Amino acid sequence: MRDAVSRFVRDGDTVVLEGFTHLIPFAAGQEIIRQRRRDLALVRLTPDLLMDQMVAAGTARKLVFGWLGNPGVGSLHAVRRAVERGYPGPLEIEEYSHFGLLCRYKAAASGLPFFPLRGYRGTDLPRVNPHLKQVTCPFTGETLDAVSALHPDVAIVNAQRADAHGNTQIWGLVGAQREAAFAARRVIVVVEEVVPEDVVRADPNRTQIPSVVVDAVVEEPWSAHPSFVQGYYDRDNAAYLAWDRITRDPAELERYLDEWVHGLPDRTAYLARLGEATRDRLRPGPRLAGPVDYGDYR
Amino acid sequence: MTGGPGAPTRAEIMVFAASREVRDGDCVFVGVGLPNLAVQLALRLHAPRCHLIYESGVFGARPVRLPISIGDPCLVSGAAQVLPMAETFLYFLQGGRTDLGFLGAAQIDRYGNLNTTVVGRGYDHPKVRLPGAGGAPDIALNARRTVVIARQDRRKFVERLDFRTTVGWAEGGTSREAMGAPGGGPTRVITDLGVYGFDAETREMTLASVHPGATLEQVREATGWDLKVSSSLGATEAPDQAMLRLLREELDPDRIYLKG
Amino acid sequence: MRDAVSRFVRDGDTVVLEGFTHLIPFAAGQEIIRQRRRDLALVRLTPDLLMDQMVAAGTARKLVFGWLGNPGVGSLHAVRRAVERGYPGPLEIEEYSHFGLLCRYKAAASGLPFFPLRGYRGTDLPRVNPHLKQVTCPFTGETLDAVSALHPDVAIVNAQRADAHGNTQIWGLVGAQREAAFAARRVIVVVEEVVPEDVVRADPNRTQIPSVVVDAVVEEPWSAHPSFVQGYYDRDNAAYLAWDRITRDPAELERYLDEWVHGLPDRTAYLARLGEATRDRLRPGPRLAGPVDYGDYR
Amino acid sequence: MTGGPGAPTRAEIMVFAASREVRDGDCVFVGVGLPNLAVQLALRLHAPRCHLIYESGVFGARPVRLPISIGDPCLVSGAAQVLPMAETFLYFLQGGRTDLGFLGAAQIDRYGNLNTTVVGRGYDHPKVRLPGAGGAPDIALNARRTVVIARQDRRKFVERLDFRTTVGWAEGGTSREAMGAPGGGPTRVITDLGVYGFDAETREMTLASVHPGATLEQVREATGWDLKVSSSLGATEAPDQAMLRLLREELDPDRIYLKG
């Protein structure tokens, strides 16, 4: 992880960290904090705790998002302090609906300069965001909304597994990972397990991201904690609730970053600190998908 | 039915009223929290064949526990389909396959337009920075019917929004149609005090019923404009004991969403 | 099948029959022939043998397509006779690239009146097709190609399996089935197997088409023969080669339709005629995808 | 090397020449037939890390038999990824991830524009109705390099196409760029007589080499315009015995594609 972040994430980059509630790249985000990257434009449909940490740690110049909150709990206090009071520094924001931001990824992944949608008419959003315009249908004459393409410098996505080349498989919520990866110039994939190529190739319909767009594969179990990985672990709700308390006080948030990020060398140390009992509590029972037959065609 | 230890709380009345908006067979875009409880209740009562869609990408969810977010893993295990998020919006919502969407709001005006972006007039330096749009603008624009669920007070039911995040009936009358909005617009607002419809011509919010235990005076007090009241104003139907038992013992036993 | 076609396919309809080389709805197409539907606008990326049969049988007023051929073999002689010589009757055509026609499905499925792409500039295709225009990007000013939305009356798609409600799973090539189904007003799904709901729900990421867009589920094993179904049977190349010979002579083609379509009451009779030996020859050996764990979250 | 029982046929020389166009690591949009053989050969020789993409939706195919169409099930079993067809075009091709695409043609002009639609000038009443566009226009427009493989004669190498299905260098010079075509344009034409490049300025097709056994006169005879010939015209490199063995015994043992 250290090498991947060090090689592929640069100061000033536009960095997409995707995963909709599922597979949030916490380990990668914390490594970016640890390496003290600066002036990043951070992009994510739902900023969540991860962006609260990255903003509080001073990595971000700008936040591009769709919905800003601690899901099921409340506010992101560090982001709010930055937006409402410029504390500890100014933070530029650029906001969309989820669908609008998704369409920006989709346009970029598809080599299109814009994507048409029905999403913004009658709202104040285009007033505060120059990436929202309108386009006229050449067949019906109808006016549609349109967003511009977003080409991030880096996309970081988590997944259950990949082979060493980067052919990456996800089940459960696949979010916007594929679009983000195809939209980006550089891609880091962080997985629970690196598996032999044969495991991936036994089920090619499961592959979300092909090797050819992937620059680095990092194997780091539990790297999405405190979010969840379908079939591997559940969301750690206690951590989401605790975050609300921790972040109400900037000093306590500082202490959290010192203890859990700067004070630890890597994710292995994080897991040791988290403890086996917490991990045991979060492991679900098994619920297996049945196998399907692709057939051996010779 | 009101009063006594088994009496429904206002949150329970809200959830029950919301569940009545779900018709059997509906495709429902579900938000987390009260809408989720409402749909679970509808599934058990009068709409066993409604389909739960979550913007996280899930169609036909069958959660065996109460989901804590719209992306809870319990929504995936046992679902009928998981799609990329983009296709959920493109095909189910924008493609016109969604019958009903539930929305919340920090501010709402008389035409059902919503603000979930900022409180205070300065967008760049807001008094309170709210979560923003999420899925709401697209749901409001594309679903056949939308229902807003919100606790009611004067700071929330405002004469003028600080920011319009999500369009309802726009400026009323035919203004929503005129902008070419494909969906059907808001049909109901459900608060902890009453249930509202919208006038078929002016599209102004109109009080349809007051919850048991609340008064018309309280409702007016909690509304920031001169509220229209239906000529056939009645009392909101309250859930019976069997429904309350379902809500309290099966659907939200830990009172996560039914605190209030 | 008889009921599904009789209820949902009407004279004059625009009918999409999808499946790219894989899962071609032969049984459904032959039932349409048997019920003597007329004036259909038939839509398919690659018309293949199926459309040759349907055109020869007189069901079609119009053919909408991307590539017209017997893949790996040669021409579609019946379609060529109709286009080149108006034999046995006139046939209107409307043609696209594969990508262009796909984008028409995608626009319709997405509730958009058009879809932007880079595909036609510099070619003669827009000269002969009014559904190909151009659109200007509101951000860059660049001119892009655009196709209009295509909303078929009916989509017929084959799949490996579905539950009784119509939640439909496909592995291997998924083609354009999902887009076609979401674009259509009515949908018929034809499957190798109807399976219990639990089988589908054990692996929701495999579901291509949700029940809510499906009007009829037909269980009909081998209904894609002579095309293939991944994991179930291989393409019957002998039949593709034979078709080239049969269709060179209109009289022989008539005999084929009499013997294999009109002369048979249903697919069961077709399979009996096809014979067990042919089916044995086409069955692949097993090549199973490994199971994945979705987790039991309580 | 020419003459004798082991001498390469013209089809084999074509396949070998085409295989040399594949660079290691390339993402190649593969058509069926000769291009597929060419890529298989490249994989075994100098480009072991090239990626095979089929418009049917397959990335990283590893077929264990010779595929009979671009959707053969042997392309799926053991592949790295299967995508919906739309995404293959959107992300791999239009998204700029394709290095090389192979195309065929019924007619080609001096600027590498192709016709696969009709023979005869009347579109509505063609003399011969050809298959049409398929994936070609989009591959030609979006891939970084395209290579055309076609048997050559005067009816195929024409002064003027009956229909332009697929754009090459348009009217030559900067006309392709001027229309805003994102891909790199045709770089090679490989026939059973020779190999062609395109002039860097005029973009006119230029004979680069003649196959062993063919003559410049034969080539001119089979070309419907006054053909430009490279000043450094040479003989096409022919496959050696090991390569021929690979082609004949492993890749196409039944001579399905190597008939000619």
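Should a chain be cited, it is by its letter among A, B, C and D, assigned in written order, with residues numbered from 1 in that chain.
The rule we apply is simple: a contact is a pair of C-beta atoms (placed from the backbone, for glycine too) under 8 Å apart; a residue touches a chain by one contact, two chains touch by 3 or more.
Quick caveat: nothing in here was measured; it's all calculated off a predicted structure.
The greater number of contacting C-beta pairs, out of the two interfaces C-D and A-D, is seen for C-D.
Averaged C-alpha coordinates give centres for chain C and chain D that are 28 Å from one another.
Chain B and chain C have Cα centroids separated by 41 Å. Averaged Cα coordinates give chain B a centre that lies 58 Å from the centre of chain D.
Each of the following residues of chain B touches two or more other chains: 58, 72-73, 76-78, 82, 94, 142, 182.
Shared interface positions of chain C, defined as residues touching 2 or more other chains, are 111-112, 117-118, 142, 171-172, 174, 178, 202, 205, 230, 234, 284, 287, 294-298.
Taken pair by pair, the chains that touch are A-B, A-C, A-D, B-C, C-D. Contact residues of chain A toward chain B in the complex are 20-22, 45-46, 65-69, 71-72, 75, 79-80, 83-84, 95-100, 102-103, 105-106, 117-125, 128, 142-143, 171-176, 178-179, 228, 230, 234-235, 237, 284, 287.
Every residue of chain A that touches chain D in the complex is listed here, in rising order: 109-112, 163, 165, 167, 178, 182, 200-202, 204-205, 207, 210-213, 294-298. By the touch criterion given at the top, residues 111-118, 131, 133-140, 142, 144, 146, 148, 160, 171-172, 174, 199, 202-203, 205-206, 230-232, 234, 284-298 of chain A touch chain C in their complex. Here chain D touches chain A in the complex through residues 27, 51, 58-60, 62, 64-65, 72-74, 76-82, 87, 90-91, 94-97, 142, 182, going by the rule given at the top.
Residues of chain B that touch chain A in their complex: 32-33, 55-58, 68-73, 76-78, 82-86, 89, 93-94, 113, 117, 123, 125-138, 141-142, 163-167, 170, 176, 179-182.
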